[in-house]
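Listed after this line are the structures, all set down as structure tokens.
Each of the next two complexes has chain A plus one more chain, namely chain B in the first and chain C in the second.
Presenting the complex of A and B:
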């Protein structure tokens, strides 16, 4: 196949909605949604601020199977409010992970996957969203003792703020080349520190710093995938076949040593690859 | 944000609910479900104020062909009338087609 045919044969993961992403990752025909749009579990805060709600608050919780094993997927909808985490959407994701944990405590196995696509906390819901993100992080840490918690950052929103920490806590973190992972997004940095600090319109620079390719090259994410639903699914299944690995966030000494190598006055993406490169 | 509600006469019950679209820029979410009453009921929440007459025109045209007793909830984030009509028809297709 030439490049043209290869491209056409792919089903884009990025172009799918959260619900479609969850459906296509699960084994065919096994998708079953919990707390779906007809349950009308909406944000109680957005309407007060004159913002239209979405019936699922932008979080899709799906049960089904992966490789025939019970699975739960929490997928964030990028198009609704930038994938931001509000009180309800955050609680849905945290509860899904906590219920997965209770399955293990009851002696049953389940495979948890989080599809990140989020600017972080929903500013309109402030502390309530932050509290939910803390619950998500705590649930990932508790759950990953039993089973790999697999995170996927699809793009094009990326994964920022408190949720970037949640992504870092995952056993396996999968990114596309288009995805970005970082604490503060480039627009926020430009707004707060000025365009001399960072030009958020310089896409080549932004992706060379926080894009999937760089994040995987320096070991802050695990696997780089093409924007291809089959490849994302195979990578997720592979992570579960490998089982629980050592977690990046447990390697505190290793990361302190890595930071000590960095001179903040002379750092760029290529230098970081030389210093931290894993391959 | 503006809230609107419309009612249209219906001739037949609706059996299967359907959900399409997202509340993203220039798009809308449609929830179509069996109506508890004999009429069709449309509940709109839109981020764009002052376009009640356009909504009425789009719905008048849609209900010239659609006669199901459905409750249709629209959560709109600035969709154009064309997109609204496409999403409404997509919801009907999802509700009445072979695949749920």
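Presenting the complex of A and C:
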């Protein structure tokens, strides 16, 4: 196949819904959704604020197999409330990871994958979104002692807020070039710190700082993939074949030393690549 | 001099032994006693000289996150062979995560995640981890410093609050006035900025009322110490995960959906 044919043969991952993303990552024919739209577990808090609910609350939990091994995928739907984490969507993700942990406690194995696409806490459910995110983080830390927890940030929403910490806790983190990973969204920084701190309208600057390419280049994410479902799937499978690695959040002395190399008055994305670059 | 202390620093002084060496930087780690046994106390304090200009206040930025992780992990390492792991108390007075361009570029999300990991790992290793909220416990900063605790204890006093976003910013984003945001919090409980409303979510082990958070008397301090010691005992007798946050009567009422999701997913888990 020449480059043109390869390009045409690609199936975009980004353009898929959360449900389709989970289905295409799992082994063909094995997708089984838990607490799907027909279970009608909706946010109890949005209706109180005259906001239309969605029957899956924007989180899709699917069981199936990966490379023939039992798997569970938690996929966040960016088209509902920006992928924000409410009580129900957050509880679905936490519950999936907690049940995966009980598989190991019962002597069985399962492969957990989280597809991040979220601005963080759903502001209309504030404290219950935040509480759910703490529980998701707790579950990832407990689970990754047994098995790699693999995170994928597809784009275009990216992964922000408390969920960026959850992504950072993953054993392996896969990003596309289009994806962004950061704690505070550019608009929030501009609002809190002023446009002289960050111009949130400068898309080139934003992606050069927190886009997938930079994150992988400086060692804050593991693998950069094209927007191609086959490549995402192969990368996820590869992470499970490698098994549990040393986690980035455990490399405390390493990152304190790396931070010490940085001069806050003269740091930019390119300089960081020369300081922290992994290739 | 004491007037310039942040609330977190003041409570750290009140609860722990005097430092054995000169302290500097934004993270304080102290030893102390709880119920007659050794305990470790951690706080994030203002650091006007911090080399990251967006992280000079009592916020969790790059150095704060990584230094918290290092300090908590030092306790885990020191107690690795101990039968009874020493209690860890996070004294929580954190306004926010650090908002800045450098912070994002250098991975403040990872620094905060490292602190999350350290506290969660301490809990999983058997350390009773207690969060004591004496000031703001905001958003990502609270996730990094406090929200992985086995038990959360809070002072019900002016200036203590748990929330996902500061009130002014939340008002801007939701296009409401600060007043209407307050009114909304009275009907939509998780939106409230009041500690008494947070207590109704079922996430707190104890809400301590009637304590002067800014200038605690010695009786106030003893009362808080007794609450911390009781929380430690409760944590030692409970599971090492966060499941206790779903068991109280308040949780069963307010977080009914969180409980229902778990119940029904367990039913559907194995087809």
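Going forward, the second predicted complex is superposed on the first by the 275 of 279 C-alpha atoms of A that agree within 3 Å, B and C clash if a C-alpha of one lies under 4 Å from a C-alpha of the other, contacts with A are read in each partner's own complex, and residues count from 1 in each chain.
By our rule, a contact is a pair of C-beta atoms (placed from the backbone, for glycine too) under 8 Å apart; a residue touches a chain by one contact, two chains touch by 3 or more.
All figures in this text were calculated on a predicted structure; none of them were measured in a lab.
By the touch criterion defined above, A:53 lies against chain B but remains apart from chain C after alignment on the C-alpha atoms of chain A.
In the superposition on chain A, contact of A:5 is made with neither chain B nor chain C. Legend: residue contacts after superposition of the two complexes on their common chain; A:88 is shown touching chain C, with no touch to chain B.
Once the two complexes are overlaid on the shared chain, A:129 sits against chain C while remaining clear of chain B. Of the two partner chains placed by superposition, only chain B is touched by A:38; chain C is not.
By the document's definition of touching, of the two partners only chain C reaches A:138; chain B does not. By the document's definition of touching, of the two partners only chain B reaches A:79; chain C does not. Residue by residue along chain A, chain B and chain C are tallied for touches, and C comes out ahead. In the superposed pair of complexes, A:164 makes contact with chain C only, with no contact to chain B.
In the superposition on chain A, no chain A position is in contact with chain B in one complex as well as with chain C in the other.
Chain A contributes residues 17, 36-38, 47, 50-55, 77-81 to its touches with chain B in the complex. In the complex of the two chains, the chain C residues touching chain A come out as 51-54, 62-63, 66-67, 69-70, 73, 96-97, 99-114, 116-118, 120-121, 123-124, 139-140, 142-144, 147-148, 162-165, 169-170, 172-174, 184, 187-192, 198, 201, 203, 241-242, 245, 255-258, 260-262, 264-266, 268-269, 271.
If you check the complex, the residues on chain A that touch chain C are 32, 34-35, 39, 41, 43-45, 48-49, 61, 63, 87-88, 91-92, 94-96, 98-99, 120-121, 123-135, 137-138, 141-142, 145, 161-162, 164-169, 181-184, 188-189, 191-193, 197-198, 209-210, 220, 247-250, 252-253, 255-256, 259, 262, 264, 267-269, 272. Listing the residues of chain B that touch chain A in their complex gives 1, 17, 19, 22-25, 27, 29, 31, 33, 45-47, 73, 75-77.
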